[in-house]
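Each of the two complexes below includes chain A, the first together with chain B, the second together with chain C.
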Partner chain A sequence: MVFSLAQVPIEPGRARSVPVNSGQSRGREGGTSTTLAWPSLHSLHIAILRGQSSCHELELFSIDSRLPRLAYQIKMSAGPYNYSYIFKYIIIGDMGVGKSCLLHQFTEKKFMADCPHTIGVEFGTRIIEVAGQKIKLQIWDTAGQERFRAVTRSYYRGAAGALMVYDITRRSTYNHLSSWLTDARNLTNPNTVIFLIGNKADLDAQRDVTYEEAKQFAEENGLMFVEASAKTGENVEEAFLETAKKIYQNIQDGSLDLNAAESGVQHKPTQPGRTNLSNDSQSSRDNCSC
Partner chain B sequence: MEVADLLSETCAPEDLKVFEKHYNEEMCKGEVSSKTQFEYACFLVRSKYPADIQRGIVLLEELYKRPDEGGNRDFIYYLAIGNARLKEYEVALKYAQGLLRVEPSNRQVLQLEKCIKKKMEKDALKGAAIAGGAILGLGALVGLGVALTRK
Partner chain C sequence: MASLSPEHNVAVCIPSTQQCDGVTLYNINLCVGGVQWSVKQRYNAFAELHEKLVSNHGVARDLLPPKKILGNKEPSFIEKRRCDLELYIQTIINFMHHTLPRELAEFLDFHHYELTHLLQSMARQFYEEGDKVLSEGHPVVFTPLQLHALSYRLKNPLPPSVAAADETDFSHVVDFVTQVKHLVIQGSSQPFRASNIIQNNLPYTLNTFKSVETLTLTEACTAPIGHLGAVRRTTRTLQVNQSGMTQMSDILLCDAVFQETVEGSDPHKWLSLTDVDVSCNQIKKTDDSIALAPNIEKLNLSCNKLSSVESLTKLPHLISLNLSNNLFSELESMHTKLGNVVDLDLSQNSLTSLKGLSKLYSLASLNVSTNNICEIAEVSHISGLPCLETLIITGNPVATVVDYRTKVLELFGQRAAEVCLDNERPTQRELEFVAVLQAIRASREGRLPTLSISSPLPVTTSTLSFNRPDVATAVSEYSVTK
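So, the complex of A and B:
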């Protein structure tokens, strides 16, 4: 045994315990040992990396005055999930229809007029609430350019929701929908919710596709549909939220099997007080919402 | 499905195999098109194996030097991703910042830069937690001891 501390009572703010090291090094400062044997450090290292120690327990770190900052940071990154589900979305459609602007409008509530072409895929997240449940949307916005098709297709797998976008002022983008839909159907699972968005609704004067025909296309193919504007924000929120509601419904009525590898949904049961450090990598990654 | 962001998500190994095959076939015929090489490289830098990522980086660097590709920004972007995934953060930032010199307000690149910096900090923190153990003194050990003995 390297050291044993099981019987030592811990009180925050007061360190009064005596770790018994493997060697002979006993406390030098009156009852308080400051000598650490290597194996202990080693264990600490392993515990942090393997996530064996819980967040709750790590709070005890702050009993040393040098520690508050470290403990705080670990606590921050190891905090409990503040959402119970993760839904994966993809946004697909021709180049220039406004996919990236829609994502940006949804995650940042801003419109960027001069948006450079997306390189491969862009990533965004936002936490929303459906039926009192916090849900984290993990959104992959794909580049419409043909040169990225191979790369972007690899993100379809396991999507719970797909937003398929065309530009109401450019008929060609509407005409290509059937090929986008074929791709989506082939590469996602049968339960993937596909939502059709006719974007740039603010440019009604330049309209090239009527609402009625798009609505009919959507009905024929079993898609949800709105016209939206990433510029004004009209219906943007709705499109993302309605998709989530539908996915959530599918979970509730059992048609979406969460255990299926490709469901595109992850369930995160929250366990107050016993949040494991292994969450650390997870939540920090989540914070890194690029 | 794995929880993911740009720097930690990985591609499916079977996808990588498909594009490796395309690449090898063209290689056997004597000339690899930029498209095939780019696709293969994009999957390589998303592999979970560092050796693959390294190979992806070499292929991207070669593409970037091809005269007919005119130093395409796409290669630089994926070079930034590849290097960041190898924890070569300084190199990755250099690439990202190179792109930002040309397009200072490119949101996608700004986010990548932010993401690289965050990963960098996180790694530094992990390092500090380990190295810091030496100066943590009693408190850490007490906490840890309790944590371990409870298991």
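So, the complex of A and C:
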């Protein structure tokens, strides 16, 4: 990303440009700041390596009154705050199939080895990009245990995407899919995208459910399907992203009405960029000695 | 707690009226599942509400008692209107208590007291402002009632009447909460607003908070915290003030059933915690549970009821310790009770002696102001501490002694110039005087005076020696010894 600063006085023929790579020195709390100062600087290009989950603020904080010296502070705010849609997801499936691990792998890009049982519901978010649009996924991870069913059922409502997970090494978790699917169909809206995930694909030696039969089950029920591994991360991104693409496609072709209650999708108009150039270059122009 | 589930009836009545600034206010009392509160509204507010209910929710227009321009201040009229309005609001509630439209809920302050509406108004607020608040990194203040509502909601099914996937969706609350970095819990033991809710009695959990770095509890009890979740792992700065804690385990083990430290009980460790402020509580003793936060560097125990320190040797990283405004009257071999502490504040206690500090060699800064130290000789116990540079004794009886500063500084011998006493560096004049005192003492003890008071200029020594070569040797001698 390149910011051009129109406010900076530029003398014809003497313009210089300085590329700046931000994020090298540690600064104020909550972000990284870099202070830059050059004499005789007339044009400044600041290239910011834009992290996936950070946005940047550029603010002009002081101009030396005698030298045309500019000092900029670049503050990288900590969180992801620019997105245009919110999609609500729910992850369902039997106990111990790896729902929480899939979520953790997706949000943290790490495998959680000794994941505790989920009590009721858990929650995670991540911002992804589909067709150039930033989308925030709000993901409800439900407990697989029967005793929490009353709580978890109430979260189906208003989900735009449902990830239904089974464990390829345990046949019983696959056999229960039809009851999970019934729940999902009954409690979500007709446009909810249901994605079937066969987890623990890394344990191929202990496989109890073949890819083909699961694929067939998915096709019969009109589900999207992939085998994934929360441990290796294989296909995890794909499952979440493909679901989002499908939802986005439904929005584009009009089959999903954003204004309908419980669509699970919210449009959030992007705020005007967080780039903030507070400038009093007037004083530097008046006092410029060169 | 008030949650609008089908089994909770909403009881409403208007028992009285009051005059305020020439306006008649009707006191509306509500009772939902054990929670009671009152709302004051004037007739015009009823009329506005009625307008909205008529246009948005198809309420019959003639339900509201009519307006009256003249004579609306007469007691008999007000009494009649009170009865009519009571009947009106009861009818409306009967009619809509399952769906409870937002206009009505806000008119009756449901969004302050009742969980479902409270969460909806939180969701709306976070949806609109959450990202801005988080990006600016300001502390976020929650009340125990809000946290209680949040925990309650996560444990129980969402009520079916609540519309999902709009700006009041519960996801927005959780989404915001998981990202909060600086959490402030502002408790209260007083009834909340115009209700019978005592916030500090409400149980809640903090396991939804995933990114808390600074946790501050102000006037909030620690006992109702049911589960800390990730907070225990992520918190770096902990501040608990005016919470009536009597021991450290009240907060460090607030969610454990047995508040006893089990050696190596890893799940309860606060491994990121470096800065702890538990000032203004009722702590009488520092208990073993402090070992659960082995990385503490800065510990503030001021304004408590401590008379001795214990268990603080379990903090190998402790640098700064504030024990001001406690009940210390004597100190015993502090070097066996504290490790490598650099900064110690013992001000506003009742200390009479500094003997116990004589071997706390790591000290660089000591504040013993406003104690009960009477003798200059007490300072000799700490004058041998090799790193001590900042010393505050002001506010003790000893500080009124004639030539107090020079007498104290004199005890530091060669280091006198390095010691900043009562926030002031020794002046040149003082150093000269100190040098004289030291010379006198030396001659009394039968030693030769050493010309080695550190000073940027050789002026000090010139009072004792008059030819330059001597000064030069004295200075070079000093620099060698240094």
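Quick note on the criterion: the second predicted complex is superposed on the first by the 190 of 290 C-alpha atoms of A that agree within 3 Å, B and C clash if a C-alpha of one lies under 4 Å from a C-alpha of the other, contacts with A are read in each partner's own complex, and residues count from 1 in each chain.
Note that a residue touches a chain if its C-beta (ideal position, glycine included) is under 8 Å from a C-beta of that chain, and two chains touch if they have at least 3 such contacts.
Nothing here was measured: the structure is a model prediction, and the numbers come from that model.
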| item | value |
| --- | --- |
| First (chain B), second (chain C), both or neither touched by A:Ser263 | both |
| Partner chain(s) touched by A:Ala228 [first = chain B, second = chain C, both, neither] | neither |
| Touching partner for A:Ala150 - first (chain B), second (chain C), both, neither | both |
| Contacts of A:Cys101 with chain B and chain C, given as first, second, both or neither | neither |
| Chain B versus chain C as contact partner of A:Ala214, first or second or both or neither | neither |
| Which of chain B and chain C A:Gly120 touches, first, second, both or neither | both |
| Partner chain in contact with A:Met112 - chain B first, chain C second, else both or neither | first |
| Chain A: partner with more touched residues, chain B or chain C | B |
| Footprint overlap on chain A, where chain B in one structure and chain C in the other make contact | 77, 86, 88, 120-121, 123, 138, 150-151, 154, 157-158, 261-266 |
| Chain A partner contacts - residues on chain B that touch it in the complex | 1, 3-8, 11-12, 15, 19, 35, 38-39, 42-43, 73-74, 77-78, 103, 105-108, 111-112, 114-115, 118-119, 122, 125-126, 128-130, 132-151 |
| Residue numbers on chain C that touch chain A, as the complex places them | 131-132, 134-137, 154-160, 163-167, 169, 171-172, 174-175, 178-179, 181, 208 |
| Interfacial residue positions of chain A with respect to chain B in the complex | 3-6, 8, 10, 15, 17, 19, 32-34, 36, 40-41, 43-45, 47-49, 52-54, 57-64, 66-67, 70, 73-74, 77, 86, 88, 100, 104, 112, 114-116, 118-123, 138, 147, 150-151, 154, 157-158, 261-266, 282, 284-290 |
| Parts of chain A lying in touch with chain C, wherever the complex brings them together | 29-30, 55, 77-79, 81, 86, 88, 120-121, 123-125, 138, 140, 150-151, 153-155, 157-158, 160, 261-266, 271, 274 |
